[in-house]
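Each structure below is given as structure tokens.
Each of the two complexes below includes chain A, the first together with chain B, the second together with chain C.
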Partner chain A sequence: MTALALYVRGTSPVHRSPAGLKLLALAGLSVLLFAVPTVPVAAGALAAVLAVGVVAARLPVALLARQVRAVWVWLVALAVVTAIVGGVASAALVTLRLLALVLAAAVVTATSRVSELVAVVERLCAPLRLVGVRPARIGLLIALTLRFIPLVAERADRVREAQAARGGTVRGVRALVTLVVPLLVQVLQLAHTTAEALDARGADDDEARSGRMRG
Partner chain B sequence: MRRRRPGPRAEPAADPARGIELRGVGHSYGERTVLAGLDLQLTEHRIGVIGANGSGKSTFARLLNGLVQPSAGQVLVDGLDTATQLRAVRRRVGFVFQDPDAQIVHPTVAEDVAYGLENQGVPPAERAERVAAVLERYGLAGHADHPAHLLSGGQKQLLAIAGVLVMRPARIVFDEPTTLLDLVNARRVAQVVAELQQQVVVVTHQLDLLDGFDRVLVVDCGRVVADDAPAPAVAAYLALMAGR
Partner chain C sequence: MKTRDLAYIAIFAALTAVLGLVPAINVGPVPITAQTLGVMLAGSVLGAKRGFLALLLFLLLVAIGLPLLPGGRGGLGVFVGPTAGYLYAWPLGAFVVGLVTELAWRRFNLAWAALANVVGGVLVIYAVGIPFVAVYADEVTLGQSLTGSLSFLPGDAVKVAVASLIAVQVRRAYPVIERPRGAAATP
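Entry: the complex of A and B
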């Protein structure tokens, strides 16, 4: 499972909580951690996040560990630089704070479906209707982005393999150009067909879509 | 501000007995004519469309639910014109593409199936029920919350079909649905197509997919050059290709 598709099916109170509430809590935690920059608060926040994620939401520890592994290089680099510049206490604060936020975000995405998170974004964007923006389109844009990142990565791998199979180099600027051009062509073709698919599946029914993704 | 409650749209009057009608239909991309002089009425349950690459098959398929508008003539579905009653037509005609990756628009399986229902304004409870039922039917229930990109090619094509079927269209157009699949998955998709109660129009290069079909059109250079039962139509197609 990739970082883009973290959702873990469950029936815990955390899973059942509205996605908007979870996002609000995440935002509140971020504000708290930066408004009260002390090690005890950061450590307490980290402990609370772990309690919510592992105990209340019953998420696998391995899943949370994967999220930390994805950013550990940055965590270590940041800790080292901060320790040199501001001392060990500052490094501990920065590391604990970042760790708490990364894990809190992981808990939110692991307990909320993409459609629920997108629905929150759509609700937040609702006032933009006044200036002619369609919130449903913004939601669709987010969903499509999440869907197509792994797909484009997969297509890039295919192009690389095709180049390698024909003796192409896999290094240097030339390799990058020979990767980007065919990939761009493929992505444009994919985008064209996807646009057709969206039409075929009723993406233009905007009035009905005003109430989408709430189930 | 109160949100407008979604609800089914009022459907314009339609006559299902008329099926799909093409009246003097032609289509051009700029100077290049890809279809010309098509006069057809498609009322049979299963209709196949075969032809060489570039013969105009895919454009023909796209005309049937208004993805492509004719440059000349009219396409009517149950009497509804694809040019003027497009939304009503698309609710009646589902479309399954060759590449399921292009058709799957949401990151996870259940969310993708639900997408068309959201567009139709189906209430959440009914939506969840219909999604669960269609996933169960196509053996995808265990994958409901899985990322779509992790499915196999066959599962992706089944997901694409499920995403169309959940909208309960009266007719479904398939554009080469088995081309990217291995033998086992191609057979599975063929079985799914064979079991559908809806009218199906299948564009394909896989001639054995046409077994049991009611009618097969052979398209060549933008024209229907044979229109018959599967066996004679396929024979005409093979004879046509043998001369090239």
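Entry: the complex of A and C
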């Protein structure tokens, strides 16, 4: 799970504070940045985020840089257009605000384990009980998907190898179709067997008892 | 919802994640990624409701910090950027693809598949994504945002073709939609 996640191991106070609190702080920050759209606030927020991420949580700068690199095309385009239409000040505001938010989100996700975030999601989903959704099922869905991702990737490799072994060298659009169709049939069967295995272990028990969800 | 439905939903969330690993093909300056193929396939194989939930689950995983978007992006940051609207549109897009597919299930063919994918996989995505960019960046007009996204159209055309061919073949090989709309009332 951790191999896939953006989590960076650590023992800093930022790592140790509850994931729910960090998510709340992130939400609060985004509300603040849009409610008070001034350059000092945005610059202050960016400085604070960097202080928390680099100094307090001791996250590698490269990790944060990677998140910024992913949006830099947008940052530049946004800054240029905003500068032309609204002046340099508003360009600075838009850029600083976006940087602060992207980095803040990166800090939260790098300092919280996926399992903690799953727990927060389950807690947040608790009100959905009223409409018949059980939060534990959402936890199950997340766990299933995390298990399926490497499996699907592995099956895709196997299908590709099998086709190469038979001398199939289709290229372009057709190649994607001939790869994905057998892959889909295989993974749908995989889903089916997994569901049977889960049911055999009682995954649908409480559903039968509550009888609230359509079966 | 049965455990089997949950497994189908999870497998399509996983498939969408794996499609994000397929390296982007550059058409001019615009990277074309295979990931939105997941939107079309989830809708056309699972139907409206399960397709919607599969993409919602995928976004949830991205939100809690898994680097599943192309280029290893993830975390809450991607949901606040100017292009976040395109992400929010994915579950809705899968729903519409699924809805059209279910409605046409009995007479489903390549033409219906293409229609479903164009409406749900392209039009719905743009209808949400384009205004979002304009709203997010006050100074970018709707027109500019629209022109910018035109560069994605060639890639979308390829994806519609691929997804439609796949949808027709998978329907024959492993049909998952058992109770199509129109045959019996599905809530």
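By our rule, the second predicted complex is superposed on the first by the 134 of 215 C-alpha atoms of A that agree within 3 Å, B and C clash if a C-alpha of one lies under 4 Å from a C-alpha of the other, contacts with A are read in each partner's own complex, and residues count from 1 in each chain.
Going forward, a contact is a pair of C-beta atoms (placed from the backbone, for glycine too) under 8 Å apart; a residue touches a chain by one contact, two chains touch by 3 or more.
Keep in mind that this is a model prediction, so the values were computed, not measured.
Touch criterion met: A:V108 reaches chain C, while chain B stays clear of it. Judged by the touch definition given at the top, the superposed model places A:S17 against neither chain B nor chain C.
Residue contacts after overlaying the shared chain place A:G202 against chain B, while chain C stays out of touching range.
Judged by the touch definition given at the top, the superposed model places A:Q163 against neither chain B nor chain C.
Among chain B and chain C, the chain that touches a larger number of residues in chain A is C. Once the two complexes are laid over each other on the shared chain, residue contacts for A:T194 go to chain B and to chain C alike.
Of the two partner chains placed by the overlay, only chain B lies in contact with A:A126; chain C stays clear of it.
Once the two complexes are laid over each other on the shared chain, residue contacts for A:R9 go to chain B alone; chain C is not touched.
Note: residues 4-5, 7, 114, 140, 144, 146, 151, 190, 194, 196, 198-199, 203-204, 213-215 of chain A belong to the chain B contact set and to the chain C contact set alike, using the contact criterion stated above.
On the chain C side of its complex with chain A, the touching residues are 1-4, 6-11, 13-15, 17-18, 21, 34, 37, 41, 45, 57-58, 60-61, 64-68, 71-83, 137-140, 144, 158, 161-162, 165-166, 169-170, 173-174, 176, 187.
The touching residues of chain B, counted against chain A in their complex, run 1, 3-7, 9, 62, 65-67, 87, 90-91, 94-95, 97, 99, 101-108, 111-112, 114-116, 118-121, 123-125, 127-128, 144-150, 163-164, 167. Interface residues of chain A facing chain B in the complex, by the touch rule stated above, are 1-2, 4-5, 7-9, 113-115, 126, 140, 143-144, 146-147, 150-151, 154, 190, 193-194, 196-205, 207-215.
Chain contact summary for the complex, chain A toward chain C: residues 4-7, 23, 26, 30, 66-67, 70-71, 74, 78, 81-82, 84-86, 90, 94, 98, 101-106, 108-110, 112, 114, 117-118, 121, 137-138, 140-142, 144-146, 148-149, 151-153, 156, 173, 176-177, 180-181, 184-185, 187-192, 194-196, 198-199, 203-204, 213-215.
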